[in-house]
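We call the chains A, B, C and D, going by the order they appear; numbering starts again at 1 in every chain.
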Amino acid sequence: MSGAMIKMGIYGMVRVSFDLIGEVRWEWGIVVLIVGTASSLLGVLYALMQHDLKRLLAYHSIENIGIILMGLGMSMIFLGSGHRMLGTLGLVAALYHTINHALFKGLLFLGAGAVLYRTHERDLDHMGGLIHRMPVTAFLFLVGSVAISALPPFNGFVSEWLTFQTALQAPALENGLLRAMIPIAAALLALTGALAAACFVKAFGIAFLGKPRSRRAARAREVPVGMLGGMGLLAALCLLLGVFPTTVIEAMAPITQLLVHESLPSAAAQGWLWLTPISPEVASYSAPFVVAAIIVVHGLGYLFLRRRAIPALRAYPWDCGFGHLTSRMQYTSTAFSQPIRRVFGGVWKVEERIDTLAGGGPIPRVTSLHYDLHTQDWSWLKIYLPIGRLVLAAANRIGFIQTGNIHTYLKFSFATLLAFLWIVS
Amino acid sequence: MDSQLTAWALAAAQALLFIASAPLLAGWLRRVKCHMQNRAAPALWQPYRDLAKLLKKRMLLADNASWLFRAVPYIVFSAMLLAAAVVPLVAVNLPSAAIADLIVLVGFFALARFFTALAALDIGTAFGGMGASREMMVAALAEPAMLMAVFTLSMTANTTNLSVATAYILQSGLVLRPSFLFALLALAMVAVAETSRIPVDNPATHLELTMLHEAMILEYGGRHLALIEWATQIKLMIYAVLIVDLFFPWGIATDFSAMVLAVGVVAVAAKLMLIAVLLVVWETVLAKMRLFRVPQFLGFSFMLSLLAMLTHVVLETGG
Amino acid sequence: MTLLEITLLAPLLGGLLLALLGHRPIAGWINIAVGMATFGAALVMALEVFEHGPQLSAGRMFYIDAFNVYLVVLTAFVGLTTSIFSRPYMRHEVERGRVTDRRLRLYHSMYQCFLFSMLLALSTNNLGVLWVAMELATLTTVLLVSLYRTPEAIEAAWKYFILCGVGIAQALFGTVLIYFAAESKLGGDRDDTLLWTVLHSVAGGGLDPAVITLAFVFLLVGYGTKVGLVPLHNWLPDAHSEGPTPMSAVLSGLLLNVALYALVRVKMLVDASLHTNLAGNLMMGFGLLSFTVAGLFLHRQHDVKRMFSYSSIEHMGLITFGFGMGGPLATFGALLHMTVHSLTKSAIFITVGHACQLAGTQRIDQIRGLIRTQPAIGWGLLLGTVAIAGFPPFGVFISEFLLLMATMKAWPWLTIPLLVGFGVAFAGLARHVQRMVFGEPPPGQKPVEANMLPVVVHLFLVLWLGLAIPGFLARWFEQATVLISGASPL
Amino acid sequence: MEFAALSLYNQAIILFAALALFTSFIMLAQARMMPLIFTFAWQGLLLTVVSVLVAIASGHPQLHISAAITFCLKVVVIPYLLYRLSARLNMQYDAEVIEHPTLLLLGGVALVIFSYHVSQSIIHLSGLATRNTIAVSMAIELLGMLLMCARKSAVAQVIGFMSMESGIFFAAVVSTYGMPLIVELGLAFDILVASILFGVFFFHLRDSFGSLNVGQFNRLSEANQPMPSPEATEPSSGERS
């Protein structure tokens, strides 16, 4: 749902702003760029604090919309200042990310659905160890995680790379302010990307790795083939769109032709192997090589290391010599995001409470410890709630207009008429 | 066609040289450090010995390690290998540089880090979780700073292709760009954080309060550990090479004659030795900082790179 | 007989026939058949106009151009679909004993007469006849609003009658003033002086600005009352909520449009003769006020039909704002918004009608769990609300976006109140509808016989308009935009 | 133009217009039902006379038709209907309490001045000698509206409404010699239907509310209605996507 719904919004924006308006103003581009940057950064920061898997994914949608908007905004800026090629590049980046987001977010939501289906849990801290019980789902979810974290060689990386490339063409602009602003936006995009990676390390690591944190998670089974098939298809598409970006960009040429009467012939000018959005000297990326290298290393590793080695021995984890490992000793999702919570502390409203119960006896000993953490977006508390209250209060007050008394109504009408007559005469 | 083939062969050779000499740099670093701190130094090739020993050892896996845990070393290593392949060590204008540009390079690092962090969470130990969590925080802060620094360079050279950028700087000769100075400082600081050196991390301890990277790979052993260690050494070397080649590219080979290549090798070796000494001095005079001072450290480097970018825009392009 | 005559005569004769026929079961079907005939004729006529340009009927009594022909088609279409919906709905009302057989006859007859008066208002070339038709529309709908004969319905009808009567009287005064201005300019043949075509052709040459300004004030207050602009809107929620639901659908979907049409026609005249932006500014102020206030009112509603009637006020405010802004983009957006709003709002009222029958009440807090009891109704309401709240991919989104864009260009600061208004209105709708659709259904709630075809068709059309405005429609709108604003948006 | 220099016809027109305005004031102050209806009929008659005078003075014969229509509607049909209804509703002797009668009349005077002020900007267009009567017609219209605002009784409201129409009609006569015929006919038809409907509604109103005091109709008031209970203020950001 998320993937498709959001597409519609972007679709509407693209269609209207490029198709109907025709003349694109760069001032709007700035607005879009700022909104995009802010929503991508805040989206990922809020996502980091979630321990409900679906909610986490939902916040990531905000982040990805932000990234798409950044591409669009830059595209508008470039188009508005007369750099048609670069504007097209930004548009291609945005469109590409739109497709990608649909794919990997769909995959991730399906994965979350699969986990929900088998464990009936949405809370990350009640999952854990699912990679052993649901290996295929885990693998496919991992593919989605890697893709959304914008890591090569998957599709998310390609579109973010294109966005970066667009941003790096900022020196072509005449306006010094823009030249300075766009790279900063790009740096914030990098921050977003790194935080997204952190978030998905957390999501995947807490949910699928380690030891099961609840009985339901311990008893989970792999989901039916039908569900896996759907996810598998999306995962394959994520990889394909990551490895063969040139083909995708060529396929998008008609769309950009339609919207801005321009396409990117240079992107695939060096053959399908090389993605060169502007020219090979400026930037190039070859995803097939990357995949090939990873496969080759694995192959070599297998040939030289695994084949001749004695089978590995299984033992207790070392863990610096600590004793028996239980699932309660693991890092929780809250703990995982604690450093980032400290660093970006101002973004959330954090309520932290530690209840300790000391036992009796001569030396007080802590018998029970309860840690409670509640984070909320400031945007919710400081913007939505007060506005909501304000609106309700206004709605409450405004009832006086509708007295139900026809005389009042007639007086309104009369007063309006007289007022207007007074104004115009 | 023939020259193409030569070029590719040279590229492959350079990559191999890169990964082969990475432990050497690590050995040199250790040696200099020992000298500096008045300790008895290990041999220069001690890292090779360590790697060889680890490779030969029998694997010991934690009983609940999943397939992911076993795949990670290979993924990390291949990411580093790719990164090494695109960085011009001895010569520029090699075709392999087109595989990936600076941003992809950052992407490779991120890929390696992502999987290392996942592997750390796989066993379910508290140390692993701690390491992963802290590493991701540091990375989140380092990445924008690094990209900003890199952007400054690539905006000057109008390319993100490493080889082209290096060639551009080489060609333009000695230009005293203030932006480069800031970018260099920022990049150096990021490099320190990213390669887990003092003051952000201390690669030599296993004390739970101080370790970041080590905490993540605690449960690895045998050939897995070897690959990860090797990858770490390659990463260190990549950063070192990046700094010396991007900011001080002199001596690097621009064509493929044997003489020029030899000069290139010597030049880069000398520069790396020098930078290692600088790094050691830095590590010796500074103490490891508290984890939550790290954001300030990286914030400072981000500010520097921002300054670099702004000076570039304001002062050097006359906009 | 020309197509226009068929379009006009079909509902008129249909109304008479239905009055004679009484309450036989076939009346509902005849109602539909007449609607179909009207719609068919209107559609063919529209295609002709589209191909051959504006038509002036013999005797210059009727004038059909791109602007009104599309409203004629829209009116005939919504009239048709609502008649399809009203057949089972009214039968159910008779079964529940809310409506007697005699009143059913009245309903059918008046329904067609109402359609006739609206079509007449749209197609006439004479500003005086336009006024007469508007008054006729009030008279016919007064009877329909009071159909249930409950005290509330009577009260609502009375208020509707008096307020709209007073309002429309002001419009008459305005018309007299326009006539005065034109007559002093033209002299000559007195019967032609109020013809729109004549007026429009002389307007540029300068009707007296002072008179026209005064006239516009009276007309704005007059027709503005019918459009439901705040603070003249007070009759609207009452009339919409107390009348039978098919009535609410056509009132919201059509009558408001027709009144707005009259206002826009007048504005064209005024703009041409004044060369200032007075008319536009007044409309913008009015529109924005309505938009904001109605959005706030959405929050405090207990009655579902009342709530959606406030939503109509809100959208009418937005459209008035758009027309007031003028300029091709805003006009295009406003035209599109008129269309999608009619389609969506009538679909919503149809769904709400079924939902109220299902729950046996109009109170929001007693309508719960629609999606479980009868998924078709639940989904209909949900999608309708999503559409009217301006979510993509529905057409309302596109038109609202266009209006926003136009605002951003011409009056950047007004974008903020607009956006706030959208948010407030969405929140107001969402907080009520969400619980009606998803809540826990009360025990014993049973599905009712519902004809969701009109809803499906309407929402599909709205969706289509949101995804891609078909070429011919876009050209059509464009022609209308050129007529109104003098420039093409494309 | 000097008043004395006008033709007798025109002087008569202005005189009758002033009388019509005066009837408006009487209606405003008249609390009892029957005299109110009669005053309304008188006003209709004065308008008819004005129309006929204008028709003769200006030589527009079609004004005779509209004069005839006015006579039928405003002097005969509507007053008769209202009279019959009041009788059947047994309220012909009712008198309502007018609040602040002095203030109301002062307000009426203010309205006359206001409409004079407003019409100043437009009367120069008219070539008629009697053009100042435009202000009077506007005043009659506004006074009708004031009557509707001030009175509680439904019958009085209807009379106010009809008085507004009279004012407008008067404006049409004195400014432009009446409207085109088709419009006049349509207008007459509408007013006729409206007055019949009003009659129907009187009965409904009495059946539903027991009186014709429209001030009591406030079942549909929202002013003192509480807000719907705020059940759904919990953050639902999870559904956002």
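Details
Methods note: a residue touches a chain if its C-beta (ideal position, glycine included) is under 8 Å from a C-beta of that chain, and two chains touch if they have at least 3 such contacts.
Because the structure is predicted, anything quoted here is derived from the model rather than measured.
The most central chain, judged by C-alpha centres against the centre of all protein C-alpha atoms, is A. Between the chains A-B lie more C-beta contact pairs than between any other two chains.
When each chain is reduced to the average of its Cα atoms, D sits farthest from subunit A.
Subunit A and subunit D have Cα centroids lying 66 Å from one another.
Between subunit A and subunit B, the centres computed from C-alpha atoms are 27 Å apart. Computed centre separation for the pair subunit B/subunit C is 68 angstrom, with centres defined by C-alpha atoms.
Chain geometry summary: the mean Cα position of subunit A and that of subunit C are 42 Å apart.
For subunit D, the set of residues touching two or more other chains reads 118, 121, 145, 148, 157, 214, 217, 219-220, 222, 225, 227. Not a single residue position of subunit B touches two or more of the other chains.
Listed for subunit A are residues 388, 392, 395-396, 399, 401-402, 406, 410, 413, 417, 421, 425, each touching two or more other chains.
Applying the touch criterion to all chain pairs gives A-B, A-C, A-D, C-D.
Residues of subunit B that touch subunit A in their complex: 55, 58-68, 71, 73-75, 77-79, 81-82, 85, 98-101, 103-104, 106-108, 110-111, 113-114, 117-118, 120-130, 132-134, 136-137, 139-148, 151, 154-155, 158-161, 164, 206, 208, 218-219, 222-223, 227, 291-292, 295, 302, 305-306, 309-310, 313-314, 317, 319.
Listing the residues of subunit A that touch subunit D in their complex gives 1-2, 5-6, 52, 54-55, 57-59, 61-62, 376-377, 380, 384-385, 388, 392, 395-396, 399-407, 410-411, 413-414, 417-418, 421-422, 425.
Residue ranges on subunit C touching subunit D, taken from their complex, read 126, 128-129, 131-132, 135-136, 139, 142-143, 146, 149-152, 154-159, 161-162, 165-166, 169, 172-173, 176-177, 179-181, 183-184, 190-191, 193-194, 208, 210-211, 214, 237-238, 241-242, 297, 299-302, 364-365, 431-432, 434-435. The part of subunit D that touches subunit C in the complex is made up of residues 118, 121-122, 125-127, 138, 141, 145, 148, 154, 157, 161, 164-165, 167-168, 171-172, 175-177, 179-183, 186-187, 189-190, 193-194, 197-198, 201, 204-205, 207-209, 214, 217, 219-220, 222, 225, 227-229, 231-232. Subunit C contributes residues 158-159, 162-163, 166-167, 170, 213-214, 216-218, 220-221, 225, 230-232, 234-235, 237, 278, 282, 293, 296-300, 329, 391-393, 397-398, 401-402, 405, 408, 423-424, 427-428, 466, 489-490 to its touches with subunit A in the complex.
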